[in-house]
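To start, I am sharing the structure in question, which I have written as structure tokens.
Letters A, B, C and D name the chains as they come in the text, with residue numbers starting at 1 for each one.
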Amino acid sequence: MHNHARVPVGVLGASGYVGQELLRLLAGHPGASVAFATAETAAGETVEGQRLIKTDDAQVARAELVFSCLPHGVSGRYVNDVRAAGVRAVDLSADFRLSAEAVYGLTEFARPRVATAELVANPGCYPTAALLALIPLAKRGLIDPGREVVIDAASGVTGAGRNARRELLFGEVAEDYRAYAAGNTHRHLPEVRAGLAREGGFSGDLVFTPHLLPVKRGILETIHVPLTRALDQGAAEALYEEAYAGEPCVLITRGALPSLKDVVYRNRVAIGVVPVSGVQRPRLTVIAAIDNLVKGAAGQAVQNMNVMLGFPETAGLAC
Amino acid sequence: MHNHARVPVGVLGASGYVGQELLRLLAGHPGASVAFATAETAAGETVEGQRLIKTDDAQVARAELVFSCLPHGVSGRYVNDVRAAGVRAVDLSADFRLSAEAVYGLTEFARPRVATAELVANPGCYPTAALLALIPLAKRGLIDPGREVVIDAASGVTGAGRNARRELLFGEVAEDYRAYAAGNTHRHLPEVRAGLAREGGFSGDLVFTPHLLPVKRGILETIHVPLTRALDQGAAEALYEEAYAGEPCVLITRGALPSLKDVVYRNRVAIGVVPVSGVQRPRLTVIAAIDNLVKGAAGQAVQNMNVMLGFPETAGLAC
Amino acid sequence: MHNHARVPVGVLGASGYVGQELLRLLAGHPGASVAFATAETAAGETVEGQRLIKTDDAQVARAELVFSCLPHGVSGRYVNDVRAAGVRAVDLSADFRLSAEAVYGLTEFARPRVATAELVANPGCYPTAALLALIPLAKRGLIDPGREVVIDAASGVTGAGRNARRELLFGEVAEDYRAYAAGNTHRHLPEVRAGLAREGGFSGDLVFTPHLLPVKRGILETIHVPLTRALDQGAAEALYEEAYAGEPCVLITRGALPSLKDVVYRNRVAIGVVPVSGVQRPRLTVIAAIDNLVKGAAGQAVQNMNVMLGFPETAGLAC
Amino acid sequence: MHNHARVPVGVLGASGYVGQELLRLLAGHPGASVAFATAETAAGETVEGQRLIKTDDAQVARAELVFSCLPHGVSGRYVNDVRAAGVRAVDLSADFRLSAEAVYGLTEFARPRVATAELVANPGCYPTAALLALIPLAKRGLIDPGREVVIDAASGVTGAGRNARRELLFGEVAEDYRAYAAGNTHRHLPEVRAGLAREGGFSGDLVFTPHLLPVKRGILETIHVPLTRALDQGAAEALYEEAYAGEPCVLITRGALPSLKDVVYRNRVAIGVVPVSGVQRPRLTVIAAIDNLVKGAAGQAVQNMNVMLGFPETAGLAC
């Protein structure tokens, strides 16, 4: 019961874009309070009213739950310390996403497991959108395994982190657009494959190509799905509405396609569909949009925390 | 011979983004001079030192060649008047692109016909990038006709014209990104199909999805090509370099992927390729970038004019 | 007392940027509920879960308080109808800002009058920032009336409304920046003058020059103040901190200058100061930033509603 | 005479934004060719078809003229080496701008001295706009020395260079706007003061406040000038038109105010004026816009080179 006192939570790695967003969300949360927030070079700075301490100075036992926004490869070690102290954790890095030690926290498909989890691996931003878009089709056996699923994903720059790199300067990114990690070389691809296999029973070929958008936040994925049988617009929309009936953080944009402005600053995925005309075999184009910092990271982490701690699932979140 | 006097040319519809770009290019052209430039509501305004007159007031016979940047559906009628006056024309609208009356002016594949044409239909922006990217593969029989070619294209807003529409306001477009005309409903698709069939002998299925980018200019197309046989990185690059050997307006970005900043304000297509790993059948991702206002419109029109009038092909153009 | 039931409020003119922002804030408000929201051409559309009805169809008596986001010149008539129905009103247009019929709702300086007001004229966006920046100096007699106060203000495009106008297209505004209504011709200037005279007793000369920024939201004003006596950095900051002690929506950025990212999506003004060196007579540069849609419009309107209805002043607002 | 052979020029420090722009302009110049272009970490890369060599490997004697785009503090030493080799130089850094060793290359006011100079100090970006805006008034004794001239300047991010700094990331700059170096602490202020004194005989007080705009290129300065006598719109415009009669790189925007889009990618200053109403003593608002990389740096450097080498002044430049 959390009626009278706020539940203390900790944030490791709070100076990057995801960590800042998480502190922003926690500042507005009705039931949680921030016991500590950490950083390395930014220790001493104040973010959302919270003075950042050194990560090594965090007394994790003062929290009931700890979020880690530390970098991939670093986070795992600290999260293991948190668990060794008997404290539950939500890891926003990739370190446990393919591991059996953690519950993969795609909330809409993992609620019961998240509720009792000691460790939740919060999904990556690209996988969150791809999986929420594809699992309903995969579950129903509608994806033709004999043809490739093509995912073209475009992300705002906060997805690339807050470290100073020349290629992320405003002078380089503004008025530009480009693909990167093409040819199936992006590290999120195995996470998408694993999620599709586990939740949707699909293991056909995927082609995943991320792009860098000149926007601060938001991911839009245009997903080209070969179908085993034709679906018209109404049937495709009905399928998604049924799949996500009652879900507070999923919007099916009936008769329209989602855009970033439908989702930024919200813990929501917006999904729209269009059957493809003028081709010989049935195909569906599925478009999914999220805010990479919210439903793609900090927001979904809070959603998972809410499930873990028994809060209403959307407490502190605008969906 | 045009050594001593400049060749007078006219521009119909010079107040939109394409018309303005054309006047900018002609202002720096060493051999052409603008005899007249027209507009409707903007008549009386001055663009690039040129006072715009009403389109109906243009004395087309004063020009040796007339460009039309009038809207689709309107342009055709005026262009017919130009031809009736015995004046050669380059039509930047879609009105003649699928017509046998005009030479389709994809310069790199149409030089001899353009040189002697009375009427050139200047290619659309999306088709220019798609065709320059796909024709080399199609010609060599490398595209598997049994699987769909997926083209995800993203364009800056000047591609949508300069008319005041709420959906194109800065407040709507900035920090946003969205698909439109999905499901193979965009009017440029038949133009791509026709060009691929004519120049490349390919008539398999295409899936074309345009997107609106929050940038002023530039188109980047991510093209997913199913191959009849595998090509490694070196072979794919060599193929394109051979196909475009000696072409001044084509850049193959060896070992890198093109981005908008490689092409804006230039009459150039930049093409990069990546083989796709982790899939069962061979695939190549081809990325092509152009400036929609230059190589995708006004620049290619000047390139065609240069061929028609015997100027060096890149006169007045930065490639 | 509003413990158990939500207070019904109405919104006239909910389809523009300010109206949408107001609905967004009301959707997250713990004590108010939207009884109706109106529009003209957008009637029938849904914004923030609220179906818009025609303004003439609104039953104002169903609300305890009505906000008007209707255009200047139109709003006044509807607001008079609201008052005739005995319903309290917050008018976000300029129609009553210089009128004795309404309380001018610059909350920080008008709380007691707002609390009991039947009609609150919500301040304009530019005046909100200018007045919050200047009143503390004016009240203490620190502004030299013999020299002009120069205000250079820059606003994001949502300040210009959501009507389709060519000059507000993304293709025109992106990568651009310009002044407008220079030479003291902007309609907000009399509002600034009136507020400074009333709250600060200052009636010296002002020079006000607005600019259009290529951002969606935010206003930053760089205000050049001639002083009657020198203030060093510490004294100037202390003066502002004292003036705004305990104010939840005012941030004094000690030792730093405010930027838009300190204020967007928040109901906050951020103020920073710098004494000017290398000049003969004392001067202070004061920089004030707000979100034009929040503290400059819908947020301050909610803040005023909170005061009027007895809610905590920041209920439903991130400050 | 440079009829048949191109004049070889060198570029030191060609990997930053200014150096790249200079190479772009030289690539289109009809009379100059690039003998060498240098960099440090970027040595080996190719910019505009030019392979960059190490600065220490440059054989300066192979050039007739050398541009230095090296950083302030570093440039001076290399420029001295160039001069020691008997080669003329245009230094784009600040190292010689306040020195009697160099001719200050504000071309419009320094042509005869530039023509014969061995060393030209190319003006800074902010000073170029400020001086071109203020010198005509200063020369005529129209600026009231008893009141301060207030200059609010806003610059695109390329003005801050191409080094990776967190504060210049797209994620920090997009949708943001802020002042910096307020209170007369910017290093360009002494250069403005010196130019105004030398060319205009003015030595009254200035208040200079730069701002960072979320655009790639362009500077707009809003300059508030106290006048010794009133000027109406027509008189003020006539004054500027007379002052700059025949100048190819100066545009007076009669009846309108300049914006960035009037000047980007051009070697031009655009100047507009508005008398200020509603104040007791006469004032004029002068707005000046340039492209910081062109007229504010590389373009003016080429303009100076043209004067030095006897080319037409606008050769290779779009004005």
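Heads up, the rule we're going with is that a residue touches a chain if its C-beta (ideal position, glycine included) is under 8 Å from a C-beta of that chain, and two chains touch if they have at least 3 such contacts.
Just so you know, these numbers come straight off a predicted model, no measurement behind them.
When the C-beta contacts at B-D and at A-D are tallied, the pair with the greater total is A-D.
Greatest Cα centroid separation from subunit C: this falls to B. Over half of the residue numbers at the subunit A-subunit B interface are used by both copies of the sequence. For the pair subunit A and subunit D, the distance between C-alpha centroids works out to 46 Å. One inter-chain figure worth recording: subunit A and subunit B are separated by 38 Å, centre to centre, where each centre is the mean of the chain's CA atoms. Centre-to-centre spacing of subunit B and subunit D amounts to 35 Å, using the average Cα coordinate of each chain. Across the assembly, subunit C contributes residues 172, 174-175, 214-216 that each touch 2 or more other chains.
Subunit C contributes residues 147-148, 150, 152, 154, 156, 172, 174-180, 182-185, 189, 205-207, 209, 211, 213-218, 220, 222, 224, 226, 257-261, 264, 274-281, 283, 285, 287 to its touches with subunit D in the complex. Residues of subunit D that touch subunit B in their complex: 27-28, 174-175, 265, 318. Against subunit C, the residues of subunit B that register as touching in their complex are 17, 157-158, 162-166, 168-175, 214-216.
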